[in-house]
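Heads up, the next two complexes both have chain A, just with different partners, chain B and then chain C.
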Partner chain A sequence: MPMLDIKNLTLEIDNGSTRVKALDKVNLTVNSGEIRALVGESGSGKSLMVQAISGALPPQWKVTADRMSWHGKNMLSMTAKERRELMRRDIGVVFQDSITSMDPSMTLGQQLEEAIPDELVNGKWFWQRSLDRRKTAINTVHKVGIKNHKHYLNAYPHQVPTDIGQKFMIAMALISQPKLLIADDPTRGMETTTKTKVLKLFTRLNQTKSLSILFVSHDLLAIASMSHTMTVLYCGQTVESGKMKHIRKRPLHPYTKALIDSAPSFRADLPPKSVLPSLDGTIPSLQHVPIGCRLGPRCPRAQRACVSTPGVRRIHDHTYSCHFPLHMEKL
Partner chain B sequence: MSELMHVSGLTFRHSDQKRWLKKPEVFALGPIELTVKRGETIAIIGENRAGKSLLAKLLVGAIPADEGEIFLSNVMYNAAKKKSTKSYNSSNDIRMIFQHSSEAMNPGIPVGRILDEPLKLNTELSESERKTLIEDILVKVGLLRDHYYFYRHMLSDGQQQRVAIARAMVLQPKILVADEPFAALDPSVRSQTVNLILKLQKELGLSFIFISHNLGIVRHIADRIIVMDGGQIVETGKTETIFRWPQHEMTKKLILAYQSLVPQQTLATSE
Partner chain C sequence: MIQILIRYATLFITTMLVLAALSFSLAYLFPGDVLVNLTGITPQNETERAALLRQFQLDKPYLFQFIHYVQQLLQGNWGYSFVSGLPLREEIGIAMPATIELSAYALFVAIFVGVPLGCYAGMRSYTKRDYLINSASMVSYSFPVFWLALVFIMVFSLNLGIVPLSGRVSLLFDVPPTTGFILIDIIIAENTDTSLALNDALYHLLLPTISIALVSTASVVRLTRRSVIDVLKSPYIAAAESRGLSRVQIFRRHILRNALLPILPLMAIQITTLITNAMIVETLFSWPGIGNWLIQAIYQRDYPALRVGMLAVATLVVSFTILIDLFNRIIDPSREKYERGTV
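So, the complex of A and B:
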């Protein structure tokens, strides 16, 4: 049974007169012990997905779903307290804007120690417990690759560079030893060496502690190196979902193909300085989403049928929604 | 290929004394020796705080250097601040694209005026001449003439990036310096920008110096790579040479980190 199971999640936002579907029937499952990548460009609704799962959406936005369950328990009908308990103990979230999502009036050390649940602290008396908290905090900070812990634990969020903030955010999510880690673009703007370290940490935690990870990013190189399965999101619609190696080898949806083509590292045969294949145009804004398949106006294979939303089709465990998928002749 | 820019002995020192008795943190850049040929693409890579952005700013003269000389097409372009010279010479041959291109534009004036300002300040052209020039450049970077009247917020990310490129190109420079031009862009827009820059280079013979963390793109478009660490250039060389036989520790670290991410099996099965 999947750990986190979301089916047909729809998020509607009222903007004055009209109602916009920011997420339109999105499906996502995360099995235990799996690294699932959620890929999409900015404005595709990846971060909204993260917020919908973590319950951090403004109350006036309407979330409906056929199914949204955690280990078989319905998340939508939970009370606020149960939901918070779940987020506290079982799910760790790394938010996108690390520095701004931390408390500006507390030092990083205080915030990190506060995030340690009581049952993970050893010691009987308060001084023993506070020492133990400190020790756990330092250990976790070292684990995410911050060396100068003395300096950074006593610093305030505005005093640290962004990459340290990102690492602290990861440390804060990991310190309560969650079962699922939701990482919203954790490696954005990091240089390659740091990025590799963070990704290795994630892989190791996945292997040793069987931590499930929902890795939200558009960095395909990072995703391809670590994740087992992948879900591609475009403009609030799930486009394709399946095993990483199948998708990479044979993407069925034109958008997935464009996304994979956009990373020159995937193609050794690409001559240097040649023109990269790319889709025309940019992602439409939420006010002007096209009807039917939202890729429609940018899609090289679009035909008349594309004005109606394609249903989800399935080949083994590879699902896609496209009327005219690629590579069909080979199947 | 002829030599377009020659940099010698460029240094910059920054000391940051926070408290009276505390040892000041000194950051020294250089001395930097560098030559740029016509039509060449140079990538600067390195870790954070290696001085990459600083070097880019020194090259265009956004920050005056402490010492050193820059020759731009055999004309001395005064990079160092000297008390004797009253103003340092400006040059239209080198322009820069800033790191956050959208935030580096004035939100209160339309694109046309954003592009008009460098022309007004640096050339003697009349208003109608400037307007035709701006319209030409807009078309060249793949926008429409109508975008002259658009404001920043009306444009998408990719279009803003195009405006940033247009602003750098409008004075017809010979060298374009860009600080992380691709970092904030989405994959599909990034490919479009890469294609645009390659096209412009082919048409106009521009030299292009850029900073990037994305080694995949560096490998794709750069001719030569400069590796920086702690304010020094630690290695330079042809792209393939650097990727295949890195010599310096820092280069090895960067290349290995990159290669550990690149899946090996895709290389064989890619179509």
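So, the complex of A and C:
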């Protein structure tokens, strides 16, 4: 049984006069111990997905799903208390914009200590417990690669650089020892060496503590190096999902192919100074999404049938939603 | 820290100098003799007049006159009242604490009723209870204070007769004005029944405090509600929710502080309204405060009193505003160190 299983999740945003479907029947599963990458360009709804899972939704958002379960328990019909308990202990979330995701009037240390669940704190008396909290906080901060803990634990969010804020977000998510880490673009704004360190930390945690990770990013190189499976999102629809190596070798959906082709590091045969291939046009805004397959107007293989939404098709554990997939003859 | 204090001290001194200059120019702008306007002493003959002119350096250029005026102000020689002939410093020393007392209680009510109500409305935003609180505050905010006070007097004093009509304490109690704050004076006073007198003074306080507090409470409710709603929308609340904190924990640890920090300077602006309202209400309830005193001075064309009274009220407002802003600056970590002080 998958750890997190989401089927046909639809997220509607009520913007006063009209309703837009920001996510349209998205499927996502995360198995225990795997690193699942969630990929898509900006505006494809990756961060919305993270928010829908974490449950912190503004009142004008409406989430419906055929299935949204955590170890077989339905997340949508949980009481608020059960849901909180799940988020507190089992799921850790790293949000995209780290500095604004932290309370501006509290020091980073206070916020980090607040995120430690009470049952993980040793000691009987409050001073012993606060010392233990401090120790745990310092350990976690070291683990995510911040050396100067004394300075940063006493700093306020607006006083630290973005990458330190990002690392603190990661520390806050990891400090409750979750089973699933949802990381929304965790390496944004970091330079390459720090980025590598953070990614290595993720891989190590995945291997030693069998932490499952939902890695949301558009950094294909990082994703390819660490993740086991991948789900591609385009404009609020799941396009393709399957094992990393299968998708890399033989993408079935034209969008996945375009996405992989646009990353130069995947193309050993690319001659110097040649034009990078890309799809024409841009991702449509949520108010003007095309009917049917949302890639339709940009798709090089689009035909008349594409005005109706393609259903999910499956070849072993590789799923895709396209009427005219690529590489079919080889399968 | 010291730099911030210096900044605010400079701001305070500059503002005070401008106010003193305004008050000094009033002596020339008011009709009548400059000497009389400035000192409150009417010379009996020409020799006395010349002597007084020399004493107050009014024969020198304006700048020296002004410097002398500021010196006199600092030494406590604020001139004499036309009408009573008493030193103005003493009169203001009795009237000012009465106003401060009344405003302080009104502010107290406004904060201790307004902030919780505003937080409640903000947390339950766009529900029936929120609409109820919001519209009630809108209604009470739009009442003219003098009209409201008159209605209160009519209903509670004249028709129902549950609270006294005017004054601070019944004349039966002999309370000497030591500090000027009636409740403290009663406790200090020796030969009165303290509990009876306190009870009586509180009854006297009830109506004026409520009529001032209603408007201020309404604005505090609205400010707090708006601020709480804004904080609720911010990403760090969503992040805190995703960490599995309960609603109460989030409110206590993250919402309350972040909602109250930005409205503190706005409350400082409310102080001006509060004191103005207090002055209007004083007149209606014959409360012996600075507002009542100033109105009497206007009626009696007591120019020296008007001049110093304006300066005293302005000083009070400016110092409160600057102090609150300074306090906010010290407790709010997100305000920049190099930000300028403002009134």
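We adopt the following convention: the second predicted complex is superposed on the first by the 331 of 331 C-alpha atoms of A that agree within 3 Å, B and C clash if a C-alpha of one lies under 4 Å from a C-alpha of the other, contacts with A are read in each partner's own complex, and residues count from 1 in each chain.
Please note the rule applied: contacts are C-beta pairs under 8 Å (C-beta built on N, C-alpha and C of every residue); 3 or more make two chains touch, one makes a residue touch a chain.
All values derive from a computational prediction rather than experimental measurement.
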Chain C versus chain B on the shared chain A, clash or fit after superposition: fit
Contacts of A:247 with chain B and chain C, given as first, second, both or neither: neither
Which of chain B and chain C A:282 touches, first, second, both or neither: first
Cα-centre angle that chain B and chain C span when viewed from chain A, reported as a multiple of 10 degrees: 80
Which of chain B and chain C A:100 touches, first, second, both or neither: second
Touching partner for A:30 - first (chain B), second (chain C), both, neither: neither
Touching partner for A:299 - first (chain B), second (chain C), both, neither: neither
Partner touching more residues of chain A, whether chain B or chain C: B
Minimal inter-chain CA distance - chain C and chain B, angstrom: 11
Interface residues of chain A shared between complexes with chain B and chain C: none
Footprint of chain A on chain C - complex, ascending: 126, 233-246, 253-254, 257-258, 261, 332-334
Contact footprint of chain B on chain A as seen in their complex: 41-42, 161, 163, 189-196, 199, 218, 220-222, 224-225, 248-249, 258-259, 261-270, 272-273, 275-280, 282-283, 285
Touching residues on chain A, where the partner in the complex is chain C: 51, 54-56, 58-59, 84-89, 91, 93, 95, 97, 100-106, 114-115, 156, 158, 169, 172, 176
Residue ranges of chain B touching chain A (in the complex, touch as defined): 46-48, 156-159, 183, 186-192, 194-195, 198-199, 213, 215-217, 219-221, 239, 253-254, 257-258, 260-263, 266-267, 269-270
